[in-house]
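What follows is a pair of complexes built around subunit A, which joins subunit B in one and subunit C in the other.
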Partner chain A sequence: MAGWFLKGVALGVKTTKYPRRAEQAPGVSPGLPRPTRFLDAAQAQEVASRCPTGALSASGSEVAVDARKCIHCYRCLRSDGAAMSWSDDYDWADVPESATGQGRPLGFEPRFRRSVNILVVDAGDCGACLNEIAQLAAPQYNLHRLGFFLTPTPRHADLLMVVGPVTDAMRYPLLAAYEAMPEPKRVMAVGTCALGGSVFGPSFIAGGGVAELLPVDVEVPGNPPPPLAILHALRVVSGQIRGARR
Partner chain B sequence: MTPRELIATEIRSRWSEFPLTVEWPAPDRLRIDVGEGSTAVDIAEWLVDERGFVFAGMAVREHRRYWRIHYLFYDHGIPGLWIQVSSDTSREQPLIPSLASRVHAADWHEREAEDHFGILFEGHPRLGDFVLHDEEWPEGISPMRKSFDASERILSRGTRPDWSPRRILQEPGAFAMTVGPIYGGLSEPVHFLLETTGENVVRAFPRLFFKYRAIEKRAEGLDVNGALLLAERFSATTAFASSFAFCQAVETMADIEAPPRARTLRVLLAELERLRRHVGSIRGICGSTALAVAESRAGYLEEELLRLSGEIGGHRYLFGLNVPGGLAADLADGACRLLAERLAEIEHALASLRRMLGTTSSFLDRLEEVGVVTSEEAGYHGLVGPVARASNIVCDLRAAHPYSGYERFAVAVPHEEEGDGYARLRVLFDEALESARIIRSAARDLPSGAVRTPIERAPRNAWAFGAVEAPGGASIHWLWLDEEGRVERYRIVPPSFVNWHGFHLAAEGFAFQDFPIILSTFALSVAESDR
Partner chain C sequence: MSLADGLLVLFFAFLGVAIIVTLVSSGRSGPLLMALFGAASGALLVAAGAVILAGGRPVDLSLWSIPGLGALHLALDPLSALFLIVAGLVFLPVSIFSAGYARRYEGRYSLKAMAVNSYALFASIALLLSTDSLLLFLLAWEGVALFSYLLVNFEHDHAPTRSAAYLFLVMAEAGTAAVVVAFMLLANGAHSFDFAEIRAAASSAGPGIRWAVFLLSFFGFGVKAGIVPVNAWLPRAHPAAPANVSAIMSGTVLNMGLYGILRTNGDLLPLTQVAPGVIVLLVGALSAIVGILYATTANDLKTMLAHSSIENIGIVVAGFGGAFVFAASGRGDLAAILVTAALYHMTNHSLYKSLLFMGAGSVDEAVGTRDLDRLGGLARWMPLTSIFFLAGALSIAAIPPFNGFVSEWLTFQGILRSAELASRAVQVAFVLAGACLALTAALAITCFVKAFAMGFLGVARSPEVRRARERPLITVFSLGIPAALCLLLGILPTYVIPALDRAARPVVVETSSAVELVPPFFAPPPYSGELPEGFVRDFHDIGAQVGQGLLPGRGLVVLHRGGPDRHVVFAMAPSYMILLLVLLGGGTYVVVRVASRSRSLRRARQWDGGLHRLPHELTYTATGFSNPVRVIFRGIFRPRTIEDLHETMSEHFRGPIRRQYEEVHVVTRLFVKPLTRSARWLSDNLARMHSGKINTYVGYVLITLAVFVVLAWFT
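Presenting the complex of A and B:
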């Protein structure tokens, strides 16, 4: 057992400096296209038409990006034609209008500021979002140092993180989990599928996102959102910072 | 006569009184069409029982007057052979001859077809409640039928489940425990029914399909590029393997081959995905035994591999790279060499983790002689991948049916005899290290040139299957395109679907507290099996 202890020590400090400093390591984010100006309207049209999810819209020679719909297929980037400019950031989380409109105070009561317990419910994801959440426990991110903890029971949870488009078979279990959580509680929709269904929904068997069922407080775009984007979202939902305000 | 031709001749002579059509669309692919009747089932049983073929999967096709069923088999021989046996049953017949009553590996395939198409198999116990949970779905819905309108939501669901498990165990003191569908910290939804008389699980029954997104149905009517997104994304842990198999099917139809550079890069990327997935599975096993330092060590390596994937391919799960004809983007030689260098460090760390775990007796106690699957059981259920190889079934498509130039890498196929949790863990470690070796070797002599062969004539009115060794085992993707080149039918048989079928073998007879550990050693994906 002493061997294991030494192994633990030998890992050394490899944890990201985020949020104190932006993480610059390559490969931490799949990135998103940035609004881009093209030579002319025809070119802008052509680029926007390559997007399979309607995340791009051309107006004149400019192409705007709806990050909530982008699935990082890179079709607007990798092609013989013109390409969108790209950004490798990850601070994508935002508060949906439905939540701000109601004047819901964002963030938890002061008593939660130090520790937030999170219940994760998989409502039909492809496995990527769930795996990216799992990475938050890896030494590179070490979620606990920021006061966030995963819990397996709704009764201890302050925050519900939902991944997936919400398949019909998961509607009831998801609602039951939400109802079992004590007040005050918050809901975070993680990933393109949870935001709007992505390539899976809405369909005859799956929904078009969590908001069809539950009041969503924070949305995290990304397919999947990388661990840092989820960390950013956790800071938004706990009231430490404001959203991306796209 | 080659051994391959011998099989064809033998089938012809054994079933000489039946009008069989035998074709060789490729030297390693044999197609046998038997027309109506139960000849297909007879041939299938003979292939599996007498000739050691593996039942790879089944695809149902709906025609106006009949149901067409394709059964696919492959062998372990080198060079290997694929055999597809097809038969028709008139729609006026109430029952379709059942293979599952003779080849158990076909069991779940027929149950799934029953729910998908509303067809019944003769002699197969009609269980229902498989893909479509009884409490959720109104009776009589068959979503894979052409007549089913998939654009309409059926909102009679979302109700409180009144499902209660069918209890089998009838002993005094027997009771059943249900777990799920939401359980544990970060688990995919599954409903487990565990029956017991005390300490040990006597009967384990996983109820799946809470994540059913009807990928096969959604693909219908899409063009190839649209369906590719579904192929790649229904299961992220094996996105590259699945899109690889899908692209193979399209390339076979279009009669093209990816350029040499893309073929080698695909091998490199597929192995990177396997390495990452296996390290993730190892993390899961360490976590299930509450060995926190080992879990965090493996988690560290997994995140490093995700970052490396993102760095060389853009996306941490390698989305957006595979396209019919090759790759959507080239990888820089420098990046590949850098990858090979950085892998040395990861290999070193993995080998040391393996050594440490191998000498931690409290850890070994939880895995050794726990969750045993015998070789016979694994064969009978047609299990695939590392799970099968840990039960001494030495089969790997990369070796037996090489594709994309795998033959150049002389892939080693690690295998073990015990069939317990520790054997599965060792196979995962050995395969991960073998993947690292293949990546380094691929990066060393990358061919130069283009990475995409243009498709001159888009395939129409054609069909083919693609098959790869995904991290979890053989992954089969059938694709049929109509006159306009749109998807008419897409059938996926992923490894997790096959291995979930056999999971109960490992859980039964072992203590309750071993259950999560046994589950983790199977490295199953629910997104992949539910699809």
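Presenting the complex of A and C:
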């Protein structure tokens, strides 16, 4: 009868040590290219042209990276010629300029420090980002230990987490959910699609990201972003740490 | 000639004039005349009854005498005065309502027929109540049945209406036959048809006669009252009849059955045994539970109300039964309480049921359907009608401060006093009946939450609802009268109960219960002469005298003065409850407003999951709401679902699927069906003796002759 208990004890704690110590497990993040200086402009041009989404842009011998567009295809890394340098970190969360420009201070709401309730809205997601968000509630990441809770109703939500490029059919429900949330409230765009539409938009069926509709406070790049990147963004939005500005 | 005499004679004369005027008047002014005459005659009747209940001299008017049958005269005692008041209170608003409602039949049916029939019905009801001779009683009883039949059969070109009305007539006449036999047994020893002489002669009747009279009169009158198992006509006649007729039927005609039961078994031949009382109690409780079960699952507003009438009459009859048992066991004080409670409930039922039927009629007229699954959201389009319907629904669901609560509370408390009875078996019967009534009360709330929520709240479930408009002011006004009365009877029972106590006087021998029920607690002292000291002391202990001298009137209903060590059994203060409710509600509002003064308020739309609009298919329906009841009690409902899945073209293509749901009423299944089956079996077997040959019949004659000769030889 106590088998499950003993088994559980024998298994030990599987939760990541993330906020206290960096998670070192291999493959925990797909990584992002780092801005790289090449030998000459031609080489930089060649590397930048390999990117299918236009995340890389060459100026002179330097190649700059727009993380918002990167889909981790590794074409800039795995090829016969020169390669971008790569980082395997996951603290990608970014606070966009617009978040500071709307009369709201960037220093986040002190009320959010202890607990944040999150409403996840699937605005036309392919399922990848949702999968990663679902992983957050699993024992390995266990977002509840940091004071984050998923809620099914906007009435209890402090944070609107949007995934997907915001298809036309989801525009109204997304706005309605935002309207229904009590003040103060924050919006987090998760994934490449939510940041700029990616391959889905702007098009006849979808818009070009959440920012077209709602004031986005925190952006999480990645296609999909790994759970730790989302966890990092959550810590940024709750004011536990400062967001990195790239 | 006293005041009440004059009013009664005036009433009959007035109705006669009304019938003549209606017959000669042009059709155009019909509805208006109906409202005027009906309301005026109703008011006259209420006045006549009120004069007697207030302590006036009972009516005793000698009419002409018929050779061989004796003198006929009118007499009104307080009991019939109460029934008269109730009938008048129903007729008054319903007549006004009819003026607007009857217009829908203009040109298709004869409005004159409706007016004349309802006047005649009214006159027969008044005659039935104000006579004290068996002959006039039976005549009036037949009049009630006949004119009710004509009114139910108003839309006579509908086949279902005709068959429903016919069913009503057949059952009413069968009931009358039983009543006639009971009266013949009663009048056997008396030399005239007068109630007084019958009463005197009947007191020496043997137990066999007593049982026969009880059974025949209880079930005979019970047909009109609609008790189980003779209730089959109610749920069919009400949906078929016009709404104003339903209101009259439910508000007055059912009461005539109750009047008959009470007059025969409480007054003419008071029950001296416990067993008949227990039967009445159990039949009442059974009617209540069966009625409310079917009401909860019915989706047609009027069918639902009809089933609910069976329930309410069941509660009243259970109260009568308890009173009969208490009276037969020598507890006249408890019997008086239960009769008072039952009469109170009957009055309440007449008021709120006529209100609800008129509301259902208004809805039917405005929307064109009574199906709760197709209504919804009417509060937006018919706000006043909704409020009055809500008042009726709250009353019938026994929610304070409305009247249903007071009478059901009294009935429950009265039945709980069965602990003081000696016999263990009778106590068990009381407990069973009490449990049934408790379940009934809970289901009644479910039922009327469903009726109001599905009919008047939520989203419109059909386009017709959105086109509905508020009825004309006069119709709404006629709904307001019973609604206001329901509220008044709910908050002022301390004034009503003494009057009801006076009405119960002919039935119950010992009646000082009004003093016990409604002690003058809030009136300034001295009242100590009227109340025993221990009683007053007990009240001081629970703080009931707070506000003494400040608050007017008698605010407290006390069930019963208990034993020497426990004086007060149960108490409630309905008049002050509403005061308290208002204070609490208003106080909460003020506190919330003050507390939230510094906070900003943002009003947002209700969260619907981000839908563009809420389609009515997604909302709760009446069927869905009542389905738990249907599932829990499926042993009683025994639904038969026929699914026809064979209409397929081939293996892969399914054609339309037919699903049929059949339900036979439990009383029909368990009582009527076996009866008809055995009657048919008997007649089939008897038919075999008819061979069609003349020789056989001559043989039968010969055998009969021989049998009689042999019999005569030996005797």
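The definition used in the following text is that the second predicted complex is superposed on the first by the 228 of 246 C-alpha atoms of A that agree within 3 Å, B and C clash if a C-alpha of one lies under 4 Å from a C-alpha of the other, contacts with A are read in each partner's own complex, and residues count from 1 in each chain.
FYI, contacts are C-beta pairs under 8 Å (C-beta built on N, C-alpha and C of every residue); 3 or more make two chains touch, one makes a residue touch a chain.
These figures come from a predicted structure and were not determined experimentally.
In the superposed model, A:Arg155 makes contact with subunit C only, not with subunit B. When the shared chain is aligned, subunit C comes close enough to touch A:Ala180, but subunit B does not. Looking at the shared chain after the overlay, A:Tyr172 reaches both subunit B and subunit C. In the superposition on chain A, A:Gly27 makes contact with subunit B only, while subunit C stays out of contact range.
Contacts of A:Pro224 after superposition: subunit B is touched, whereas subunit C is not reached.
Using the contact criterion defined above for the overlaid structures, shared-chain residue A:Ser203 touches subunit B, although it does not reach subunit C. Once the two complexes are laid over each other on the shared chain, residue contacts for A:Gly127 go to subunit B alone; subunit C is not touched. When the two complexes are overlaid, the chain among subunit B and subunit C that reaches more residues of subunit A is B. When the two complexes are superposed on chain A, the residues of subunit A that touch both subunit B and subunit C are 172-173, 177. Interface of subunit B with subunit A (complex): residues 133, 136, 143, 149-154, 157-161, 181-189, 209-215, 217-218, 225-226, 229-230, 233-237, 239, 280, 291, 293-294, 296-297, 299-300, 302-304, 306-311, 314-317, 319-320, 328-329, 356, 359-360, 525-528. Touching subunit C in their complex are the following residues of subunit A: 153-155, 172-174, 176-177, 179-180, 182-183.
Taken in their complex, subunit A has these residues touching subunit B: 1, 3-5, 7-8, 11, 14, 25-31, 52, 71-75, 78, 120-128, 130-135, 137-141, 150-152, 164-165, 167-173, 175, 177, 198-206, 223-224, 226-227. Per the touch definition, subunit C reaches subunit A in the complex via residues 602, 604-605, 607, 609-612.
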